[in-house]
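Take a look at the following structure, please.
Order of writing sets the chain letters: A, B, C and D. Residues in each chain are counted from 1.
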Amino acid sequence: MNAAATQLIARRVLLVAITVVFLLPVAWLISTAYKPSSQIFSIPPRLGFTPTLEQFRSVFSYFHVWSLLKSSLIISGGSVILSLLLGVPAGYSLARSRSRLASLCAYFFLAIRMVPAVAALIPFYMVMRDIGLLGTWWAVIIINTMLNCAFVTWMMFSYFRSLPPELEEAAMTDGCTQMGAFLKVAVPSARSGMIASALFCIMFSWNDFLYPMFLTRLDTKPLSVALLTAYGTKDITWGTLGALAHFSTVPIVLMALFLNRYFVQGATNGVQ
Amino acid sequence: MSTLHSASRLTAIAAIGTTLVSLTFSAAWAQDKPLSGVTLTLASQNDQFGAVLANLAPKFKEATGAELKVEIMDYGQLLTKTTADYLGDTKGYDLVTMDIVWAGAYSENRYSVDLTDWVARDAAELELDDIYPVILESLGQYNGRYVAFPFAAYANVLAYRKDLFDAAGLKAPADMEEFVADAKKLTDPSKKQYGFVANGQLGPAVAQDWMQYNSQLGGSILGADGKPALNSEANVNSLAVYKQLFAEAAPPGAIEYDWGGREESFRQGLAAMMQTWSVGAPGYSDPSISKVVGKTGIALAPVAKGVKQTYGVGGWGLAVNADIDDKQKEAAWTFIKWLVSKPIHKEFNLMGAGSFMRRSQMTDPELLAKFDFLPVIAETYEHGNGEYRPRIPQYPEIQDILGKAVNSVLAGAAEPKAALDQAQAAAEKLF
Amino acid sequence: MTALSDACILAASEDARIWTMARKYTMTDTELPVAVPRQILRSRRDNSFGYFVRRRYFLLFLALPAFVYVMIVGVGPLARGAWYSLFDYNLQRPARTRFAGLDNYITVFTDQSSLLAIYNTFLFTIVGVTVQLILGFGIALLLWRDDRFNRTCLAFLLIPATITPLVVGLIFKGLLGADYGMVGHLLANAGIGPEGGLLSDGRTALWVLIAIDCWEWTPLMALILLAGLKALPVDVLEAARADGATATQRFARIILPLMLPSVFLALILRVMDAFRVFDTVFVTTGGGPGDATQTLMLLAVKEGLSFFNIGYASAIGNVTIAFIAIMASILVLAVRRTDVRING
Amino acid sequence: MAQITFHDVSKLYEGSYPAVHNLNLDIRDGEFMVLVGPSGCGKSTALRMVAGLEEITSGELRINGVRSNDLSPRDRDIAMVFQSYALYPHLTVAENIAFGLRVRGFEREEVTRKVKQTAELLELTEYLDRKPAKLSGGQRQRVAMGRALVRSPNAFLMDEPLSNLDARLRGQMRSEISKLQRMTAVTTIYVTHDQVEAMTMGERVAVMNKGTLQQLDTPRALYDRPKNLFVASFIGTPPVNFLRGVLISAEGGPAVRMGSFTLGLGGRFGGLGPRDGQQVIAGIRPEAFRIADGAVPGLNVAAAFVEDLGATLLLHLDSPEAEVVPASVVEDDVDLEAVRPRLRAVVDGSLKITSGDRLVLTVDPAAIHLFDASTGDAL
């Protein structure tokens, strides 16, 4: 066997080892969801167990899981759509602007993304009360969109700057309007950048619980808030939590698995 | 052909008939049920009663016509969201389960409707004499006015492992001195057997449990003047005892336990004794979650020698949001009356709420059959003390300060005296 | 803000110029030769001002919604927060509200809890992000070659980053618990670490939290760096290889300098998020034992959302923003400097 | 078809010299005009101003007599071929070619027909369904051409369309583009930095440097009568030799003295008059040198090295007598020139010359270009 092949195998073994280390805690979480309550806490802790769906039944009896899931989907979906609608044009505009202040402006958007939740939450709560959106999905979507669209703007700014402007110029000499060149040429060629930033946004909205905890009510509550509730409850076991965590993690994990190709592509251009 | 014809005619008549009947009925319903069309939203702590409240909602609708929506939240979330609701006048909740210790804040900020006049008006209907005075006083009133109405009272009791005590030839401890001694005796780490367990987790968990022990060891959070006296000698001593119990008799993980972890460790058979709210007691005999079924006993919480024999009382009242309109307020009061009424409250407890508060419940054979520890609870209520955690408006901050102090001591990061001195300094700033 | 107002002024002055021109040219329009394509004529009439002005307006029009949105939804409440921070203002005790000037900020920098929180937050961010950068770079280099095996590995590696941070905290709390936790039990049996578990001791808890953060975010770091690696110019690397540079030399002299933009991006994103750490700490230690793992965000959330101490909470929030901004600026400057040193 | 006129057109950027300075240029209907110059000379900027991609700071751009400074690219109806081709990566070849027609609202059948025609013309038929990423460089270039050709625009604008191709393909495409242009007779502006392309393709060539038009003429005239040092040095390969000299009156009439070598100018200047004694720079093309056979007076040189190009020899010569002035052109292709200026001469390939040989060179006086040493303008 030659040196290159040996090296390749060594690299792969190392990678597999790293991956396994990173996945072990996840495996533990998944396994608790299929353990009967009596086996989750055993002294000493043990690996083997009798699989059961008891925990899932218990989740459904405690929570309106479908309603939670629906809220999570609506909030992340709504916010990601709005963020892209606002952020992609803004990022494009800043990237194509010849003003020297454009990149400064892009950093302004990045700075907005850094804002800690508490700093804006209570004033925002009052505003939502005054316009009557408190307790609706819109309240969460609106504030998430603020953070997400700032991020999308910044990310798409970097992305579009890495794309040559010739494509849109060609489109305009071909007879497109400015809007046409943007929509028909610039946007389609920035697809992976958009998918990558959308993924980041969805991850943020889906996992965030401070804003929705404050801004939603019973019927509009997303999964993340329910997880918080479950965590603070005496008679909800680890297993039930594990089962509930399935609903909050599996969709995102699946999405990341399917779209990670775009993740890399999008980030590739986004960093240059 | 003719049969078919007549059949269809019959159907038609029947249809008309049913429509008419249902019309008259619904009209009658509307008359019978004064709260038809009203929706009440209740913010509930996720104690056992939370789910029971939700399960009672259909029954309430049947009785009154009003819809009841129950939003169950954890303690921190409940406090944050309901406070935000009050402060923002957002009328998000009509009814809120109020922890006994929030009474001061409720009263000072007029978050809830003052129920005093309604209670007086409906005293007969409420059968007030049947409710223990300590409960009415500490779960409902603040400075003599009703900021909420009690609906879920808890007694602080001693839960212990009969089998272990019998094996060691011991009896349930009669005072705190015995408690400490027994806890040490029953500890054997090699067998994963510990004498004692209590909350050690930073935050309300450790603060509340320690305040319980503190009171039984003769300590007090407030001085005679109503100002904090966190670093009194009695408090420092009791914290030293608490620390000693953790170091010598508690499972090593206890410093991370909150109520759930503590109960779990008892149900798993890790600990021989703990003081706990009576509400958890039924769980010890539920084989799906407990490994100590039939091996446990409930007794009066021990008090140190020379300290007045009072027992901790805690629990929840139902408060009516002061911001909502009068019709909603009336409806909310109707719900409270309905819930605490003798038959419904009994059913509430039978369904597992663990919220006994009427004298009649202590001797009710049906309840007794299910909950054999009721006499202990009755005794606790007779000598109940709902004030060992000061129900003043500054309580949340004091609890936080104490939690940090006690937790630091348990973690070995500070000495009791120093920690409480520091806590006292921080607490004084609040007044 | 400035960029946009700048564009507005530009557009406006351009506007005036164009109008005079337009007047001049409407006169010549009548003398146009017949051969002029209709299309051009038509667009002349439709557009009262020239294309390049419209171009500026168009770009402005694209950026404006996001900008206005962020100003209204973000900057508005933030400004209110900044205003509150000058008051001793507790929503639950409105009667006691008073103007406090910079008192809240003085408290942030004198109170023991908040000082510890600042220290912990910096330690958490700096150590955590550094470790993540090093590990992430290593993993990215391992994953560099683009084949199916590596893509699959990457996809699985990303799972921790996609798990709800709240759940991440729960996982580790469950694993590390001294009594029932799989890892905690093993450690206890081996006599390693504090008796009550790694999270229960002030000397170890923060390090465990850093380790959790590394577990959660190293893969994402690796992803961003991998993206940077894939964007490297292949010819430069091949030239270096042809020149006989060893792997270490290639890394230090070629890859690392060229990777600076990616490293910068990864650092700035992670530093921003690490500095605002909340979820995992909240569920694992809640800042304890004592104040040992207190962080700025934890403190702000407690003060703001539990005690409704809006003045103080806003002050903590603003200090956090200031710290993040300072760190981001330092990063930007450092990268520019290195960039200048390397690329001239 | 269109006529395009630059009238005093300038493009200014803040804090740097004008990218284009007072450009006056008249491109006739149907003409193939080449803009040539070193990089940064403003030729691309000028082209982009025609396309409407670059704003004009002052002056006037007329398309068909209509002031077009403020028209959008769309309204100018021109087609542009970019150096990078700028093919839409998300569209197939067919969709790329059809794009301009589609957005201008052509009928579907007509689009299909025209795309088919264009593809046939450019031999792209079999690649119509491919995405640009799956094409070779030459194919991409043809798609870019196709995108322009499929429409009948006012003008074709080509910005270094061949610079990304290898040398052989470039030669082939040069003639193909010329052919297509003649066939369609669409006004074409072609920008390049390659003077070979300029000379072979342009009907007229505009030589630019530092934002200014140096000379506008036919390729032949540029070669024969360069207006200044820059044009002389830019046009022609290998580049022209510059020798410092002075104008004198000799027995046989005016002459230029370069070091110890004096060359009579024949009848070119008549009487020198005030020019007597003027400092000049003499431009002598490498191919204008002749090797003198002994007796005739000439320039004594030594061959530093010899490049054998087959038909001809390119001699690099050191001249101890005359001062060689480096050409001031900064060009990517012609480097090292400035290091040590040498004379270059192209001579018949059959001659046996090796490095170190001493030679005497003469020049036909008619083939010598004289420039004012201070202004650089041709005399």
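Descriptive notes on the structure:
The rule we apply is simple: a residue touches a chain if its C-beta (ideal position, glycine included) is under 8 Å from a C-beta of that chain, and two chains touch if they have at least 3 such contacts.
What you see is a predicted model, and the numbers here were worked out from it, not measured in a lab.
Both subunit B and subunit D are touched by A, C.
Looking at subunit B and subunit C, the chains in contact with each of them are A. More C-beta pairs in contact connect the chains of A-C than those of the other pair, out of A-C and C-D.
A centroid comparison over C-alpha atoms places B as the chain most distant from subunit D. Centres computed as Cα averages put subunit A at a distance of 14 Å from subunit C. Separating the CA-averaged centres of subunit C and subunit D is a span of 50 Å. Subunit A and subunit B have CA centres that are 38 Å apart. Rounded to whole angstrom, the centroid-to-centroid distance between subunit A and subunit D, based on C-alpha atoms, equals 55 Å. Of all residues in subunit A, those that touch two or more other chains are 41-43, 122, 178, 214, 228, 231.
For subunit B, residues that reach two or more other chains under the stated contact definition are 76, 80, 84, 268, 270.
In subunit D, the residues that touch at least two other chains are 52, 72-73, 76-77. Interchain contacts (touch definition given at top) occur between A-B, A-C, A-D, B-C, C-D.
Within the complex formed with subunit A, the subunit D residues making contact are 48, 51-53, 72-74, 76-80, 82, 84, 86, 88-90, 99-100, 103-104, 147, 151, 157. In the complex of the two chains, the subunit A residues touching subunit B come out as 37-38, 41-43, 62, 122, 125-126, 129, 134-135, 213-214, 217-218, 221, 225, 228-229, 231-237.
The residues of subunit C lying in touch with subunit A in their complex are 1-4, 6-7, 10, 54-55, 58-60, 62-63, 65-67, 69-70, 73-78, 80-81, 84, 91, 139, 142-143, 149-151, 153-167, 170-172, 174-175, 179-182, 185, 189, 215, 218-219, 223-224, 226-228, 230-231, 261-262, 265, 268, 272, 276, 278-279, 283, 296-297, 300-301, 304-305, 310, 313-314, 316-318, 320-321, 324-325, 328. Here subunit B touches subunit C in the complex through residues 76, 79-80, 83-84, 87, 105, 108-109, 200-203, 251-256, 265, 268, 270, 393, 396-397, 400, 404, 407-408, 410-414, going by the rule given at the top. Residues of subunit A that touch subunit C in their complex: 11-12, 14-16, 18-19, 22-23, 25-26, 28-29, 32, 40-45, 47, 86-87, 89-90, 92-94, 96-97, 99, 101-102, 104-105, 108-124, 127, 142-143, 145-147, 149-150, 153, 158, 178-179, 182, 203, 206-207, 209-210, 214, 223-224, 227-228, 231, 238, 241, 245, 248-249, 252-253, 255-257, 260-261, 263-272.
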